[in-house]
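Written out below as structure tokens is the structure these notes cover.
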């Protein structure tokens, strides 16, 4: 249950304040040139401490590849990797050893396992998404060769929302601000909102929009392996995710079928893309786009009434370093999970696609 | 890719106008009394031809159990079952043999496989959800013994929407109207809207809300087997699904963490349930609730411009029998997929839960 | 656990005296012409009642394809199929309802599930291998196009054994006798031994040898998906299998490495084939060959002391129709499982092979 | 394909001369006290350099646990671990960069992936079994609590073989000699044979016998998850394995069913155990025992004719450190894979077993 994917698979391990975060990538095609600078840079995008609107935990998050790469190329063997934890302040979490943070995984982990590593959220920490970013970076190395490009951006923070039409925004602007939003004015408003919320010791949620360009027709399996199902599963596995929609999603409900249907513009293209690039669970060659909702971070740097392990009422004010808003750092994770999913589906399709043309 | 679940698994087969729809249920616990009337009644809820707001195809959908049940009880062996197709009007679909319906799976299936059964939508027909309903009915037999109860209802059609708080509605009213909505007035408005849309040869979408009561604490696996992820994957695999949200979902984005966090009411209960019964991917003992968006049916009983297999422009007006709105019939399917998912997670949890207490 | 394979998968159901035996084939490539005569003939090879040395149960075993085939070709959708049980004599098994046959699955099923279908062995009957033969026949349709040919034969019955070198035997002779042995004299001796054993109400075991010709280099995954591991798993899943060896197997233990190593004859071929066509878990382009041991059938048509469900001692003399020796009918099942395994590995390899050359 | 198991799973990575060997254990029950001395001692049993009859590579093989253990107990979260490679002599392998060792994985890896890490055998090295030993050691911690005990021993080297009846041997003698054989005289003869073979620069194979005591009735799933099938798959995945048999295996073929059947001695025990503790794929409560054949090591420290990457004939005399016989070190690996398989089946059985009694 710590493995995602069918052919291209990431198996993940690690806790926030343990020795290391790491994982194993299986199914990586052989002979792919490994651009270590790119992989480290993808990790850096996820890294905390990048600005005043994210957590103050500041670590180099230096990746160490342990296997599967030989003389700069992948060998088809599994890629083991680790990132050491170096900047833990475990004493900050001592007061959480015996206390449950409301709406956090503290209570459910303790009930399920009878034991939990309380330090820094343990296994439920956002820090464990490091493994996803590494697997996503390797996937992107392959997708790049196939002409498939993926980008994501913060499309909403609290009530400040972009237009749902991703085509209105220039992806080259995403990394120009700390909140990773391609609309400069909205980005500024979002950052201000996050600072305001942070000053209150509070937190805020939002949405990430993701776009996949260049995906060939035919990815996804009907019935129980629909492409949007796999993407939805990938996104809902990210910490704090509360919802997923693709194409018109929840927004299209007031439209009639005759309005929403995508008519053909040519034998291989469409006049509109309300389908979000997926029809019947299979990619149709148009841009795939979807939106993921993230709730406000549960951990509060203000006092909250709660209970301890024995069930006694108590007051908790979290110490430690926490994001007031996950959105800026969720962007690279959404991209990573999308890359893993698309590559996995590409490889699955390959298995039979080649056959079908034989 | 036609299998769903890890321990409790349904493998499905069948096309709309083929010989039969069927499947194999694996992992069913042994010794469970099989209430065939209940199973048939669950299938009947999905059956078309129940009212004037669903498709006119009218079949008995009589289930035949072929294995896995002995002298009225499950044996732990796989349950094979079929439902014969008896009311096909395949000639109605002859004009779709060489023409793609816009926004339907016709184009993507043809591109992926180089061949497709065009009759009645083939494998992409809603008719194949029969297998899900059967597997869901068997799962419910077990969940019932465990005190877990699942119900779903139509919560939106077009712009007509219920309040998002499911506690306002009495589930015993759901089956009192054709649209399966527990609010009598809204139900009437929804039915009128569907009739109006149908008269235009058009279609309309909406949402289903699902509630799971009595689920014990501890179901769901952290990281890549989160309970809401599994539920989301299950729901997004249903034909025409476009979005999934649980708990506060997309609606909670304007709230701050301090407002959204669920405070403890007692050592084992909470004052609010914005989490939707799941924290850190693991059930917390509260009601689980979620919402699924369904798009308007793609097939139109009015003229639409489209292309044929050779890419030539043409005009298509579908014949055959089609739902103007999937919502009423989506309700039992949502319940079935929820039941399959919860039982599967229960059994997975069992595997280790027993150990943990040993 | 009733599913075998990763991409090409068979999910099986059915009991000996239930309504039907059947299954679902998933992952079948699309566009393959379905030769129904061939598929039925493969089933017929497994069929009982073919000679006086097999069980007297005589059924047509007529296959009914329910989905996944359209106008004579596979569609890429799952192939559901059933074979009705028509010649059950369930009353013959009434004395086994409460009595365990020694060395049979009766006791372990009852202990595991608390219930069992005792009629004709229920799920543990050799009759359920029908599903394997169907999936194997479809796999052979594809392998044939790829130039991969599979055959098996009875290589030992009791003490009567062929030479281990399969190259000494002409595969075209296998089907010329009831025991499926390509050595005419040994075949006669085997048949006589089986008749003799049968006259005693007793049973006898033996081995099947299987040869796979034309398998390309590169099938099999290192570490936990080795090709011989997958073949071994496939063979050991067959009823009554007790052992598996490939290449020199147990026989090569007295040889030294310098004798056993296969030297290169050319850049793509070898002087010997002690490896059995697999090196490091990956096919090397030579013939793959292996041997499977089958124990004597447990059910005896003579008196045996045993116990009943309450643990009381009793005497059992089985009625019903039972094979005195599984070997003749095991041959097509071994071939079928080999075909399923090779196709599955071919498709898995495709997934990455295509990539690797991209 | 680098993952083994369904609930208790090991995912492995690493090459002989890479940075580290490691893996991720998933599905480990929580709350289990981790005896690090035991785990390291299990690794030490596999370690090379223990005597003059194994390879001279001498490494501490110090395990580092990176996650999943908190304050000395397992948490239910995945256990990441690594063992650094510290004693590589990669230059010894430079002559293998462009040359294929006969009967080794060199040729097949190169053909499959188009690239390979030639140093020390890369991924196909016996060194990567470290990951299996770690996962086996953790499994043994759990099995010990359940009263399940596993031991293995060298039962044959070349022509020197023990009696097939494991009950004749005292397991406490296994670790008293370098070849891990419980018969003192035979052990000496085996060691002498290995020394003799080694002096010739040659290699020799043999068998390992494994015994599992205390396994409860009911483990294993009928049809495609038979317990002996899972054990066979586990064993055949070990480097150099060529065959697997359980119970009477290949040896029982000359016996008749009436001789081989295990009669009941009491309602829960048997007079004989020709079944090897498994009937119909399910454990029957008796000792489980099986035998695994290992071929002579392919790498020769003597001259052998072979070809290079371009297909030109050449002569290879391997340098580097190689085992003349894998048997002594295969013993702990066989035990480890048995432990992983039994625990996995125990947990799978738990999933439904609990239900069945509910």
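Each chain gets a letter, A, B, C and D, in the order it is written, and its residues are counted from 1.
Everything that follows uses one rule, which is that contacts are C-beta pairs under 8 Å (C-beta built on N, C-alpha and C of every residue); 3 or more make two chains touch, one makes a residue touch a chain.
Predicted model only: the values in this text are computed from it and were never measured.
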Copy-to-copy rotation for subunit B and subunit C - C-alpha atoms, rounded to a multiple of 5°: 180
Quick one: compare the interface residues of subunit A with those of subunit B and tell me same or different, with half as the dividing line. same
When the contacting C-beta pairs are counted for A-D and for A-C, which pair yields the higher total? A-D
The distance between the C-alpha centres of subunit A and subunit D, rounded to whole Å, is 38
Subunit A and subunit B, separation of their C-alpha mean positions in angstrom: 26
Rounded Å distance between subunit A and subunit C, as computed from the means of their C-alpha atoms: 45
Going by residue number, subunit D touches two or more other chains at 1-3, 12, 27, 30-31, 76-78, 112-114, 123, 222-223, 348, 353, 356
Mind listing the subunit C positions that touch subunit A in their complex? 7, 27, 29-31, 76-78, 142, 145-146, 222-223, 347-348, 350-356, 358
In the complex with subunit A, residue positions of subunit D that touch it: 1-3, 9, 11-15, 18-24, 26-27, 30-31, 64-68, 70, 73-80, 82, 112-117, 122-123
Show me the residue ranges of subunit C that touch subunit D in the complex, using the header's touch definition. 1-4, 12, 100, 102-109, 111-114, 123-124, 128, 156, 158-159, 197, 200, 202-207, 217-218, 220-226, 228-230, 232-233, 236-237, 241-250, 252-258, 260-264, 266-268, 274-276, 279-284, 293, 295-300, 302, 304-307, 310-311, 313, 348-349, 353, 356
